[in-house]
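Below, subunit A partners subunit B and then partners subunit C, in two separate complexes.
So, the complex of A and B:
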């Protein structure tokens, strides 16, 4: 995968801000290790804790009531109509057939999350080990060689297994993403940014596939996402495969564009040393630091 | 309760107690790194609980997403903060070649 965006362009400024400016260390350290100097009175902590006990009891009572008020016909209805869903695993039957809308919106939320993280992007995407370091780390190399192919194979298996056993696209996508994150952190793979066209296409592919299938079945069944008879199984399996890949790509992109990456814009350091991009919006008049100052 | 004291019952009880204990430590700790480690441990224990409840698919998602991906995201952000604070000199963030 390669994208049109060139991350190299920002590296020079990013490296400069990393080493050359005076970041106020005192502002970051309390976040890493709290010395307790800013604690409120201990009695307050205990009072909040005591208040939480009745809240927990109420929650437990509410959950009990919710379990009782569940329509007792639902499990039987699902079991009765399961053969019509095209799959034999009731969870997949509900998620991708009876309640396809829910899954469609779930994937849309994931895409929105990726766009949100993407919008926080600081322009430089360097993290993990230095390039080529994985080759010098025998344990890491061995783990990569064993874990990555296993994860890929298991992901394919889980996608297929979802139609009959408890598994599915989200689990498969998460596993794939785990392998992708491992490869990225070890600097074996360098994923393109979320701005790259292939990433956009694959990430949107899950939602788009759902919508296209949902509309395409309209002339045959007259309802959105109501699969025609005999077509349910292949359609669900195809959607699951597209979803697994989309979920994996979106999750890896959350790592590529994390805003914890060094700021190319050194003025942000004076606003908020933790690199919170909101700092720019909250204090737009912050004076840029003298580049030569320590 | 006339519930017989089976191995499964004891195991479930231990998992439940471990979850509560981990959350308590997680809320009380003053070290961010320790909090991240406890969060990952909590996610993996929760996955175990889902397996015991007969939901291996949710267990898989919890282990991969809750413990794995989220934990790695936290660690990534922590590392960034640690380098900025000068607290972790062993792993300098290297600029790309």
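So, the complex of A and C:
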């Protein structure tokens, strides 16, 4: 009861990047075509608009004077407890210590987005690279030689700086990702793919590091992510480094490892819309996909 | 470290770590991930059940700080009940998924849609599981929002594991609805924080939010969460998404995922806002009533098996909102007058309503898995295509029937006990409208369950083509259905846990 074999999808992954034609946009059908035919009557639009007026008035009433009624309690509390966090930048203190759990889940959101994108893989990517090599283009090569090491150094510096100044893992990760994207589109680095185990390990490393540290301190301090006395600074720095690399890999992945939706994969056109959700026929060889289909 | 810290850690971070293990993409990492996630979730929820029964609601100060500076995990009876039913359903569906997606050793082919789905089902579901457990244990508004984002992303991706074009579009629409819902929630959170200067649910409850800002933020958050819960009239995304997804994903989405945003709605309306206003409660109940009628009638009109069950979810979710006005029975007579709701909460409506949520989770998961077995056997989803399948798959047929029995509210199912408690409350409060709705909804449920069963028994129209269904898939469906059908016998323990904290745990 295996799925039908699918030779078409095998060649598709590499095809776009090797043939040099890049993306065939004609094949990428818009997912939700909107020609206005599904819009309701105009009166409905007006009714919704009229409903929104009291909502807006309510909001305006509520917000009136809200700006100067700022409750200073939490900022005061942060200032009071900042020395115990191991860092001197209040933002990092909140992100990695006071509300570290939220940050952990935010990185998990990134992982979820990446896995969701991977799961949409129908065997062909939208992202295509033109043929050729960077070293054949002197200007590109020179820019890369300047930009990439600078971005890398700055990212390391930002990670380090995060404990005392406005900076940190997310900024550093974004910068590293920029360098990664640059290297990929310049064809110096092969695009990372979901299939590569190192990519998965590094991308998962941010969340994994957080959870492992959180559980490891549990027996000593009695609470998840409660850093033991004197350990806060090194642990936060280590987590920031793991996060920066993980964020970078995830962002590069989201940029270059994007599948097309719905895929221009001809085997999917044979999927019975009322049949098995995974396109499996009753007998595995009842409707063999046509490998020669364009 | 006490039990509370240990079990809450297991419930949230066990499945999260398991998701990362499952990302390895090898057959053994998928199995190890599902085993680790199921084990930690079950251990965490059972451990918390014991702790909360023994000493009432418990908390875990993450990072050792405590609110308002830090974030707390917080478990009362409601949290524990939801955690437990999610763990039971999740473990059963995880087991089911090991067979549904086919031979895992063929993963490396990676090219077939089934292989790809097998590779990503486990990590997505485990991320979703961690987010759900995070929601049930959350006591912080922003933390709820972040958990919701993981929930929404992973849930939409579970739908698009199916390769049919319809499912892809349905999944995309689900994602958009889900994101809009989260944004509305975040806007409400921002307003509340501006006004009250805290994100802690407990502190907000103590501040007793009132006034235009509080009302506006409750309205925003309610619309957002109602869209995610598919409360009528924001339900249109649900049937194509839940019907189009692969069977294990359908079971999870219908049984446990929509309960996450329902949980948030209950927490906000009662624990934080103290019931808000009687008029608001009546409005929610009215939408629930409309959902019951509309969903049931549409379920009867469907021609495809999984769409019948998906519309049934729309209808059954309506019952959970009928609980809203019945919780404050003294407001029923006021007929929509606004003002603070009565502080006298009805224990009958509370235990009955939440018991319905729990039994719906068990029954709906069983029914979607049974339906998955039937469609798996014939590789088609139309009602006429499953003709005669009852003779080939008696266990799945029985599972579907038992699940339907619980949905319709026949004794001794938990559905019966839940509906009976709601009815008793409605009768004693003189809310005859609600009595009528609950009764009519039950009859309509019987009608669409029988409609499916009639097709499954129809041997004459059977085509005879049939694919054998792995026994594990049949057992998983049947065990959950049996749990749903007999939970009513052991309802007392559930009542005891639900009254730990009760409707307004922070008052």
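Assume the second predicted complex is superposed on the first by the 177 of 294 C-alpha atoms of A that agree within 3 Å, B and C clash if a C-alpha of one lies under 4 Å from a C-alpha of the other, contacts with A are read in each partner's own complex, and residues count from 1 in each chain.
As a convention for this text, a contact is a pair of C-beta atoms (placed from the backbone, for glycine too) under 8 Å apart; a residue touches a chain by one contact, two chains touch by 3 or more.
From a predicted model like this one, the values you see are computed outputs, not experimental measurements.
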item: Which superposed partner A:207 touches (first subunit B, second subunit C, both, neither); value: second
item: First (subunit B), second (subunit C), both or neither touched by A:59; value: second
item: Between subunit B and subunit C, more extensive residue contact with subunit A; value: C
item: Partner chain in contact with A:223 - subunit B first, subunit C second, else both or neither; value: second
item: Subunit B versus subunit C as contact partner of A:145, first or second or both or neither; value: neither
item: A:197 touches, of subunit B and subunit C: first, second, both or neither?; value: second
item: Footprint overlap on subunit A, comparing subunit B with subunit C; value: 7, 31-32, 261-262, 273-275
item: In the complex with subunit A, residue positions of subunit B that touch it; value: 30-33, 55-57, 60-61, 64-65, 68-69, 72-73, 76-82, 84-87, 93-97
item: Residues of subunit A defined as touching subunit B within the complex; value: 7-8, 11, 14-15, 18, 23, 25, 28-29, 31-36, 91, 126-127, 130-131, 158, 166-168, 170-171, 174-175, 177-178, 181, 185, 251, 254-255, 258, 260-262, 273-275
item: For the subunit A and subunit C complex, residues of the former touching the latter; value: 1-7, 9-10, 31-32, 55, 58-59, 61-63, 66, 69-71, 73-74, 77-78, 81, 97-102, 105-106, 108-109, 111-113, 115-116, 118-123, 195, 197, 200, 204, 207-208, 211-212, 214-215, 218-219, 221-227, 261-262, 268, 271-283
item: Residue ranges of subunit C touching subunit A (in the complex, touch as defined); value: 1-2, 5-6, 8-9, 13, 16-17, 19-20, 23-25, 60-65, 68-71, 101-103, 106, 109-117, 119-120, 123-124, 127, 130-131, 134, 142-143, 146-147, 149-150, 153-154, 156-157, 160-169, 172-173, 191, 194-198, 211-217, 219, 244-247, 304, 375-376, 378-382, 465-468, 470
